[in-house]
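Residue numbering begins at 1 within each chain, and the chains themselves are lettered A, B, C and D in the order written.
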Amino acid sequence: MPENGVYQVLDPSGRLREGAKPVLDDEFVLEGLRWMLLSRAFDSKATALQRQGRFGVFSPVIGQEASVVGSAMAFEPRTDWLVPQYRELPAYLMWGFPLVKHILNLSGNPVAGRIPDDLKMLPTQVSLAAQLPHAVGLAWGLQIQGKEGVVVTYFGEGSSSEGDFHESCNLAGVTGAPIVFFLQNNQWAISTPRSFQSAARYFADRAAGYGFPGRVVDGNDLLAVYEVTKEAVDRARRGEGPTLIESITYRMSFHNTTDNPSRYQDPKDLEEARARDPIERIEAYLRERGMWSDEKAKEYRAVAAQEIEDALVEAQQAPRPEPAQIFENVFAELTPRQAAQRRELLGE
Amino acid sequence: MAQLTIIEAIRAAILHEMEEDERVMILGLDVGRLGGVFRTTDGLIEKFGRKRVFDTPLAEASIIGSSIGLAISGLIPVAEIQFLGFTHQAFHQLGQQLGRYRYRSRGRFPLQVTVRAPMGGGTKTPEFHPDAIEAQFVQSPAIKVVMPSNPYDAKGMLIEAIRDPDPVLFIEPERLYRKGRAEVPDEAYTVPFGKARVAREGEHITLIGWSAAVEVCEHAAAKLAEEGISAEVLDLRSLVPLDIESMVASVVKTGRCVVVHEAPLSAGFGAEVVATLQEEAFYSLDAPIARVASYDTPYPPATMENLWLPSSARVVNAARKTVNA
Amino acid sequence: MAQLTIIEAIRAAILHEMEEDERVMILGLDVGRLGGVFRTTDGLIEKFGRKRVFDTPLAEASIIGSSIGLAISGLIPVAEIQFLGFTHQAFHQLGQQLGRYRYRSRGRFPLQVTVRAPMGGGTKTPEFHPDAIEAQFVQSPAIKVVMPSNPYDAKGMLIEAIRDPDPVLFIEPERLYRKGRAEVPDEAYTVPFGKARVAREGEHITLIGWSAAVEVCEHAAAKLAEEGISAEVLDLRSLVPLDIESMVASVVKTGRCVVVHEAPLSAGFGAEVVATLQEEAFYSLDAPIARVASYDTPYPPATMENLWLPSSARVVNAARKTVNA
Amino acid sequence: MPENGVYQVLDPSGRLREGAKPVLDDEFVLEGLRWMLLSRAFDSKATALQRQGRFGVFSPVIGQEASVVGSAMAFEPRTDWLVPQYRELPAYLMWGFPLVKHILNLSGNPVAGRIPDDLKMLPTQVSLAAQLPHAVGLAWGLQIQGKEGVVVTYFGEGSSSEGDFHESCNLAGVTGAPIVFFLQNNQWAISTPRSFQSAARYFADRAAGYGFPGRVVDGNDLLAVYEVTKEAVDRARRGEGPTLIESITYRMSFHNTTDNPSRYQDPKDLEEARARDPIERIEAYLRERGMWSDEKAKEYRAVAAQEIEDALVEAQQAPRPEPAQIFENVFAELTPRQAAQRRELLGE
């Protein structure tokens, strides 16, 4: 992957590239690794629970942990807004979204899974790329009102084929809104390979057509992702407008729990991707610096497992969804017809 | 009190709300220096500047989509789509996103957004522009759909829309934009949604319309009066919420009804009106409810549009038949 | 004859037409190696190659829009939209362009294009995916809208759609894709559009449905039979063209009717059915026609969808009330 | 306008730029000028007729004649397809579309204005950018069937903000379809200036994001427009895929007959644009080469005027539209309900 134009700090074995000077201090990197391990542990647990019918369909982050965590680390959740797609669990958690609420959403209790009022994040989006104009409007609105804050929006390379991508980037360019478009190029949109998605050399090449910079980064390199994103965040904070970042990574698991990649994926590709596992890479880096060991690895994994267990137990205690909730939050007030339908449903 | 056209009434409403509340902003194609292709936003950019009166790039989905984000940021966007037919370019952002954000965020993000657009034919605009597609929005159940037919309602309902905590699609009757003036109070006032207006009282039959079709109903009623048929004209004004009570009350009184709309007949909102009335007023009906609508074809060439759109002559015919049934 | 699921019947239809006519090609998301997210196109890319089985970029408007050009070039595209809810991203290309090209070109460019998409809830798919928005397409008057409810019709109607010289929106009942098998002839056959199907004969009341709602009607009819109420079930099969004659004939016979659909009530196609019946069979109606539909809210969280979708219990209730009215 | 990256053969006074070697022979250039003059003459006549109520709303080409004619000259209407927006009259004529039919369309008789069966062109499009995926599908379909032919589609810089632009270019890149995207950047979309439309330096910069070349050309320079387009056509014919051409020109008149540019246009801008009139430029060039004179100018203009008069007279003789035509070409066969409505309309 170290290719012309693709920013990298660590090589796939976790060694610093020649001349690279990491800007992140080790404690912060450790913190990043913690999130990555939590995400990975959650994905295995959730897959098991989904197979037992306790969770709905979900999309694991496996393979993309550095991409999501490294970028999210560059923001300040107190002032900055997160506008997700659906494959960025660790970012939601880093923004303060409780894992228990995520579990409630996955287990069909989204009412209890509502985003807390003090968190600056929007709900996940399944209508692909539809979140992009929302993110631009939000950033533009902050700018108009002189409010602090930068917006980050995540989306896949597949989603970037939608018209919404274009219209949003173009509007962001025109308004100079403080936004970072974070495109995760994980090589697949369900079964559609990257090469069928676009003939562009890099998706980031599109930024020029909107009048702002585009950057390409090795998405499996936590340090590189952080640095490139941080630069974009700083630009936006200085009022210099949007950046499009293409994070080149790999979806190391199924698209979602209904998918079976063996139908369309060459096992060799997956093997190669596994050799570039972002977690192993950052573990190797930290080990080299004396910050990581087998014991630490065990300890972190145990803590993550416990955190997940606790959240699962807590989720059990949440109130179950009630039929009346079907009619909540439709409008501030139900129309007479809706009110009548509600009475019918509740047998009132 | 001044005598205003619908255009002027709309402008007065926006102006008032922008002066009153600095969070209110407008965005859309050509809303700035040009003042909109119909001049509804004339003079506003000079007063409020480009920050609050924003000429967007030519992309409808991003006009609606960014309004969602603007609202979340704390502003109150009033978005203009140049012609209702071009909401199709933004359909996924309108019904599914704007219309469901309160629901999908479980109440965390209500959206105080107004989307304005002119609708309807009779002015020889090219294809797509005049499409009367109001029924399609009603099928997106969490967006309000309102359609004034006169200057007084236009001002009051637009102020109501801008202040409504939920998204409102405000559809304007293009053909009537400058057709006639009416008394409109200078101060701000609101016309609540979900209340139909009795445009003319009558005894023998109820004519139900909305938007520019109300004028067609009124013409028809005048002609019917000459024949001794006393027609009540009901202007629905808002399709969501729907004033079922007033519809039923009128039809219970008259026992007969014709519904008139500009959209092609099939699956037009007229079908909902008929279905609702036959559910709620079945035993009061003395004759089948008739629908007078455009034909089930694409919008025809401009020179033939008046044959295609529902005319007062067709309404009179339908009413006569209904009364004699 | 083989026992096929709806999925298999659809695949058989496409396979047959592709073998028969080399102009037929398919395009859409994941239609190739994956065989579509529901496997309706399984095995086709292996047989016909990427030229005729094309995995497109992720962009619905371009799937429909390019199908228009493909048809003009001389091919017969069968486009797949992964879930009907995502036709909203392509709405301007569907109703306004695909649906009007023959008209706007004054007959120069008819478009032999089929657009397939699964519709409906009950399988816990996420929001937007299951939206039952069939009525919105009917408001675009020059596109055919057809909706099979069983394997036999699925095959015959899809072959009919592919051979139809005009654009056809072919909506598939996702919930029934693999639910049960039925006899399906091995050879090609067509089921003509505009002919409703009597799924069950009855005397006391007519239940009208389409797509997966037909199954709900059949369950309700079975329960009603236990109570001595003989319900006729009419499967509309095609909304455009609409078989008004069969609807009227059944209701003239029974005098009572319940219409069932998955879309939210307001402005759903049920309204058109009711409005048409009350126009054409007014004097035969012994009670108001009832509608059983989803509620007027956005699609609810998956765990509650079965409370929201029309159930056979609700249909039974409505039928009882109607019969006793 | 001679700027970095903008291809030019003639300077604004009609002199050959240093080192420029025109590839067009003089006869062919004269032919181009003939179309340009016809277009200009038609626009003045049509404006007058519209003011008298005899024509519907229409959009003049004034100022963009070199852009339209120069590009159209690079195609072979016998094999190549034209997919227009609505401001390309001379291109329709060059494809063989009869002027009389154009007049019938403008005067509300589109049934008589139907495109003849043997012409490879699609109807004009008012749903902006909606024609682009049609053009791509058409080019792709020709490619699949091994049919000869290249497709050209015209659109404005305003239209290029629509999602359809993006989705179409991306699909064209992936399929490698033989198509030329010809973007006329006339600085305005109704009242919206180019600077509000996009922050991109050039719209042609967007091509890189789709994996094919983008070119920028002085759209008021007939020779330059021809050369750049010809190169793109040749590329497409060789099977090398799409090109995006940005033709930088100026809308020297109103948007359409309902518009009043004095509300939003700085008169100085218009004056400057007039000094770069594409017709004067090519006239000066030909005069310099001894191919043009005041007499010739008079003669060509007289011929154009006559051609328009003849077409207007012929248009008078076309059958008037009939109510029954409302129900023609809806479907191959009317549905029973439509048939009943038709009978109602016709009083049958």
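In the analysis below, a contact is a pair of C-beta atoms (placed from the backbone, for glycine too) under 8 Å apart; a residue touches a chain by one contact, two chains touch by 3 or more.
Keep in mind that this is a model prediction, so the values were computed, not measured.
Student: What chain lies farthest away from chain D once each centre is taken as the mean of the Cα atoms?
Tutor: It is A.
Student: Considering B-D alongside A-B, which chain pair is linked by more C-beta pairs in contact?
Tutor: A-B
Student: Taking the mean of the C-alpha atoms as each chain's centre, how many Å separate chain A from chain D?
Tutor: Roughly 44 Å separates the two chain centres.
Student: How many angstrom lie between the CA centroids of chain A and chain B, rounded to a whole number?
Tutor: The answer is 41 Å.
Student: Calculate how many whole Å lie between the centre of chain B and the centre of chain D, each centre taken as the average of the chain's C-alpha atoms.
Tutor: A distance of 36 Å separates the two centres.
Student: Could you tell me the distance, in whole angstrom, between the mean C-alpha positions of chain B and chain C?
Tutor: 30
Student: Give me the residues of chain D that touch two or more other chains.
Tutor: 110-111, 127, 161-164, 166-167, 170, 174, 196-198, 330, 335, 337-338
Student: Two or more other chains touching the same residue: where does that happen in chain B?
Tutor: 56-57, 59, 61-62, 85-86, 89, 92, 96, 103-104, 127-128, 141-142, 240, 242, 266, 295-298
Student: For chain A, which residues are in contact with chain C within the complex?
Tutor: It is residues 56-57, 108-111, 126-128, 158-159, 161-164, 189-192, 196-198, 258, 263-264, 321, 323, 325-327, 330, 335, 337-338, 341-342, 345 of chain A that touch chain C.
Student: Applying the document's contact rule, which stretches of chain D touch chain C when the two form their complex?
Tutor: So the residues of chain D touching chain C come out as 110-111, 113-115, 117, 122-123, 127, 130, 132-142, 144-145, 147, 163-164, 166-168, 170-171, 174, 328-332, 335-338.
Student: Which of the residues in chain C end up touching chain D in this complex?
Tutor: 25, 51-52, 56-57, 59, 61-62, 64-75, 77, 92-93, 96-97, 102-110, 141-142, 144, 165-166, 194, 240-242, 244-245
Student: Going by the contact rule at the top, pick out the chain C residues touching chain B in the complex.
Tutor: 85-86, 88-89, 91-92, 95-96, 99-100, 103-104, 127-128, 131, 133, 135-136, 138-139, 141-142, 239-240, 242, 263-264, 266-272, 274-276, 278-279, 282, 285, 287-291, 296-298
Student: Quick one: which bits of chain C touch chain A in the complex? Just the residue numbers, please.
Tutor: Residues 29-30, 32-35, 37, 55-62, 85-86, 89, 124-129, 265-266, 295-298, 300-304, 307-308.
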